[in-house]
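Have a look at the structure below, then the notes.
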């Protein structure tokens, strides 16, 4: 019916994954890092959905996994943002490179 | 026949006295420690004499041959079946003779010391040590086992150490004690290895078995022993030579003699006992003990004994002429005389008349013990009187100490070989044996005997004649009866011991034989002796500068002789420069820097690595994540591509 | 190439480009908006895959929740966060290299793999099916995870409140 | 005879020490406990001899066996043969003397005695263990008390020394650990039971790899070259009793382990590696002796000489003849007693003069005759004078070593023999300078001779030394069946 | 029905405690002391509850949740640890403004671990993992007024989010290649293809991250140092323990067909972990940071035990966790006590501690010795069994490296001991009078350290449980 198969979607998701990783590794703003994490999680979600759709449609494991990942992403983001805001209060900065008192 | 108990008591009584005085002497027996010591020794001497009588004249001889009797044998430490250290008592002519010599001289010294050492702070310690020495020496001579002899050998060494270092606050005494111990210890190393070699070949440590196995040319032990082992020599030769090295050390043979003169730092009676009459002849005794093996199985080793003895005799005699310390002169004289005994053994054969040298050596050992102890005790009396060891401080003492003078003179005549005193007889036998066997040695011996007469009388004249003695301050005469009695007794020995028919009693194979004194043969040595005496008389009887003239004309030789041919310096060089600097210091350095340094480096380098790598932990979350990613991908690569390749 | 393919390519390109812009733009607010677009793009792909329910959840939770949360937090930290100094070039390069390398490696692995799926009859991912299973306790029921997640959300809430709450004035 | 008492008494005493109220109580508890322990050891000796006289020929006597960690076949399995008994006796003597020598410890008395008792517990446990796990357990127990003893009550560069000691010994035991695992898994019987293990054959390849580990691991304890450097530092920094325990007991743990575990369980490898062991031992003997000559501190002198003396132990083991192994064990006992006494005397001198530098000492014989007499005796023992234990042990080693006819063994033996001369040099130098000669310091004149506790300690150790020196046959009889067993194992005769 | 409830008894108990605490919080009038009394009583009850009906084995929710005696025991261990942390942190907790929340979060995390341990598929596992992580990240921030605390929390949440992203990617690939998320079905479907290996490694990094295995450990020290000690000890003991347990289950069961891969992986990583952990611990001054690195090194040892496989692998690892709980909590407890009374956390400030606080010094010393593996403490037995388990595979190189690493670790543990006992200090830390709770906590730890080792039935019990 269509020429688009699993691999196409996987390429997209892997690319998205590494875009997220790139953002996580290079952006100094913590909120931006958080956003990169969201991209990573979305790429995983896409994986799950794609696998569920193309390979394992008989069960809905992938689908449910995605749903729970979305839920957890929300919780994680919430806690992370709370922490970032708290950090901002004490450091007056959300630059991740500034938050390196703890080292060596 | 031979009571184990009474035999054991001979050494054990002095030991008991040592223990009593050593443990409780300073508090409990403060006032009669001398009496205790002397009493113990008196008993011991009595027992020895009765043993000797019993052995020689009652029951020792079976079928005309003196038997070796093992009177006692206790297994002390068993190494392997058959090879064990036994503590035992072996009676044979030489050990019985030595028993007499040791107990007698020791008794004399004990008595003498009652006066000589009176008022010493560590009087009882002194007697304790004397007891220890006597015990060890008796144990040595009675040994039935080669390892037993080594044990007592060491004990003798240590008692010598203790007695030389008796005046322990004098640095020179301490140094001398250490030197004596270490030099003999070095020689003992040879002895020890020798024992190992012999025992390995003979599979026994027991003297009787050892001698029997190593003299029987057909025994399997012998075959392995005479096979060439190392550097072309058989292990038997090595063993004997090594054992002889031990003996040479104790007996102050060249070049291991350097400790003996220094040992004179000890109290004079000690010198008389240990460093003249008994301990120093242990080497001779040892060679005598193993004589059958030397003579029958390994004449080569015996040659070595002969030449070492002869050289030492001459060498020491020359040095003795130049020394000015009275005790040192006697010390070199001792060395020279022991050299005589040694080469006498060296030129001897085994059995019957062939064993003349052996007999003569033992004879000389016996007579020498008498006159040399007498000389030392006399010298002690002189030193006691003059408060100095230097000959220059003495002179004209004959009026002040007549008894000493007479006894000293007797001893001098005896050592010079003037008939009919004891030394004459024993020396003649030695010369005769040498003459028959080796002319070169005979020549050396002859010259030495002349020199001996010269330096002895040099000593005699300088002390008792020469310049007048000006007494300054108090002098307490010759010392009491306790000091004179031993002198007199010993002088009797020195005078008449020569008449003992030694060849009837002590021979190489236990069979008595007849000796004849060839008067014609005696002329040369006696004449030489008299010449020596005469020269000494000429030089030293009255004060004159003849001796200085001679010595300055021979200045180079004289000087080196005076400095004992620089042997000490050579040793000093070897020990300090070579051993300390080349072995000790590098070892210590190596330990500190390399071995220890390595361990420390191990610690410090891991800390360093830790410090260097700390930037890994940079505090940057993103960097952590990068490592994380790199780790994950890297492991992926490793596990997909690297580890599956095989 | 069918229209569906073209739609997919468009969606994919849209998602990736906006995603890429989201992590590279210097302006943080703009980056948030790009993120929003990217997430919507993914929702579009879900639609394309006929997973409408998931697409709806995606839009509601992400677009309606998380991105809003992020935007709020941007506002809260605006004075410091709006104009961060740019990332050091070296970091960009190393990060970029690592990512490119990782991307290549992963892609290689994935593309080399032969995926074999099931031949069984698929289940329609409609709301009824999902709802039944979500609260089911028997086989294929997901009520336990559901409970766990609810505890998780509770805990996260508690945590957020404690941390983010402004400290009361010191007495 | 319940062997566990040997562990229980120190343990109970240690607990009692912790609960006691003052220093005096602590000391008396420790003293009585160690006295009881000595009595027990002597009783053990007589019981053992009695059993043997009655014809009990089983390899180990008084065995006790309780399952400990059943899944791994770990047992609390104890028993003794002659070798262990001689070690136990040594420990008992040294501990008693050590306790007495510490009578003046005022700083943290309770802790001090607690650690001493713990250390002795480790040693006793080690010597009676027949299970490798138990053995290893006790081996390690004995390490940390030493660390604390040195670090807290020591002198000089104590923290450094303590660290070095603890780390090197632990390093040794780490190797031992690996070796034990190898034996456990490679023997095929999954057992730590030494008696059982001695009856199975471990593959030669396995032996070749793990014998060095075990031997070096235990060797570190007994100062095998080049892992001996903890010895000088550790001994010299330790408090008196610490040094006594360290040299007297702790170094023997290693020797015993080398013999009982490494050599006994891996005989073929022992044969294979014998030349290396011998070379290392000879190096240690001579090199230790030469290094000693250069030392200026009395404790360093004794420490380095311990390296040299312990070399005899390794030499004896390496020579692999019955006599030499017997000699090695005797040397362990002898050296333990002797060196403990030596350290005790050094401690006495140091406590009074506050110096251990040989140059600063002199003429002490006049001031403290008892102390110096003991110093003399122990010095003479150290240089191998007959009548003391050192002679007997060394001679046995020499005799045993000479039984190997090849040139290599001969050279090693001669090298070892040479050390007796070097030993004489440094001992006489040290002792001579310290006790003899002129008094170097006015203030020495006010010093007092040994107190009762010091006298008692010295006498206790001297009794041991002389008992062996005068009558070595009892020790030799005690040890030789054990040595024979090991040699038979090496020769390939397996006794079931 | 009753039976099914019993299967989840631990989870239900913890949930109940959480809700009770929420009610207390809503009430908000009770003083901290009272709350702590209640909390500790509840935790004791919780522990007690854990120990009844331990022999129940079964599954719920069609295999998503399962339990057996071993898992119940593991949960009990975690319960005990939590109780100990609560006891040991008394002083710090007493003064904290958000006490009930602290426990709510901590217990949520504990609950997450329970689910994780009991999980029968990746979903529950993942949810449990997140539930155990996210609240802890919040907890890291609980030293509200400290800068470092928020930094630690940030690092924690960022790293764990990143890690869970990668973990999820791995799970998704695993799902794609096998079609299941159930642990029970997984072994039959694993083929060992490269992608599976890769996804397994990605999955593994998720464990490795939580377990602080090198090179995924870098967050550990920073987070440990910045967080409140109570949280640090929770992270280093309870959290790691739970991961060890689930690790065992997944590796030995779900990934059994990939045995060779994970064996080599663990071999490599354990060597790296031991070495790096030890090297970094060498020069730490801050006690928390020091313990962080030392715990990394300990993980290296645990990995050796895990690598052994089979009954020995399980029992030795579980046993070590038991030992580790007592030892590490003993050490953390002492550090906590000192820190909350004097504010000092550096090793140098511990100099002369023995003069002022002998008992506390002994507790700390015994704990450290146990960590170092010195007999007669339990740590010795723990390490011995770990290494024995590893040695069973015949990999003596690994064992030797581990044994040598023990020396390095001893070196730095002794550094602390040295400071306490040997070095002098002008102003040592003043005498500390802890409360009854702290004393009780420390006493339990010390008793545990001594008894767990010497008294072999503990190990034998665990061994008996360690069967599948």
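Lettered A, B, C, D and E in written order, each chain numbered from 1.
Here is the rule we go by: a contact is a pair of C-beta atoms (placed from the backbone, for glycine too) under 8 Å apart; a residue touches a chain by one contact, two chains touch by 3 or more.
Please read all numbers here as calculations on a predicted model, not as lab measurements.
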| item | value |
| --- | --- |
| Steps needed, at fewest, to go from chain A to chain D via touching chains | 2 |
| Chain located farthest away, centre of chain E as origin (C-alpha) | B |
| Furthest chain, CA centroid comparison against chain C | B |
| Most extensive contact between chains (C-beta pair count) | A-C |
| Centre-most chain [mean C-alpha coordinates] | D |
| Between chain B and chain C, centroid-to-centroid distance (C-alpha), Å | 101 |
| Interchain centroid distance [CA atoms averaged], chain C/chain E, Å | 31 |
| Mean-CA-position distance for chain B and chain A (Å) | 96 |
| Chain A and chain E, separation of their C-alpha mean positions in angstrom | 27 |
| Sequence positions of chain C contacting 2 or more other chains | 91, 95, 98, 102, 106, 109-110, 115, 117-118, 140, 142, 145, 149, 152, 156, 159-160, 163 |
| Residues of chain D touching at least two other chains | 167 |
| Numbers and ranges of chain A residues touching at least 2 other chains | 17, 20-21, 24-26, 33-34, 50-51, 55-56, 59, 64, 68, 72, 75-76, 79, 82-84, 86, 96, 99-103 |
| Chain-chain contacts as defined at top | A-B, A-C, A-E, B-C, B-D, B-E, C-E, D-E |
| Chain C partner contacts - residues on chain B that touch it in the complex | 622, 626, 629-630, 633, 636-637, 640 |
| Residues of chain E that touch chain C when the two form their complex | 15, 18, 60-62, 64-65, 98, 101, 104-105, 108-109, 111-112, 115, 123-124, 127-128, 130-131, 134-135, 137-139, 141-142, 144, 153, 173, 176-177, 179, 193-195, 198 |
| Touching residues (chain side chain A, partner chain B) in the complex | 21, 24-26, 33, 96-97, 99-104 |
| Touching residues (chain side chain E, partner chain D) in the complex | 311-312, 315, 369, 374-376, 380-381, 384-385, 387-388, 391-392, 394, 396, 399-400, 403-404, 406-407, 410-411, 414, 417-418, 421-423, 456, 459-460, 463 |
| Footprint of chain A on chain C - complex, ascending | 1-2, 4-5, 8, 12, 15-16, 19-20, 22-24, 28, 31-32, 35, 38-39, 42, 45-46, 49-51, 54, 57-58, 61-62, 65-66, 69-70, 73-74, 76-77, 80-81, 84-85, 87, 91-92, 95-96, 98-100, 102-103, 106-107, 110-111, 115-118, 120-123, 125, 129-130, 133-134, 140, 142, 145, 149, 152-153, 156-157, 159-160, 163-164 |
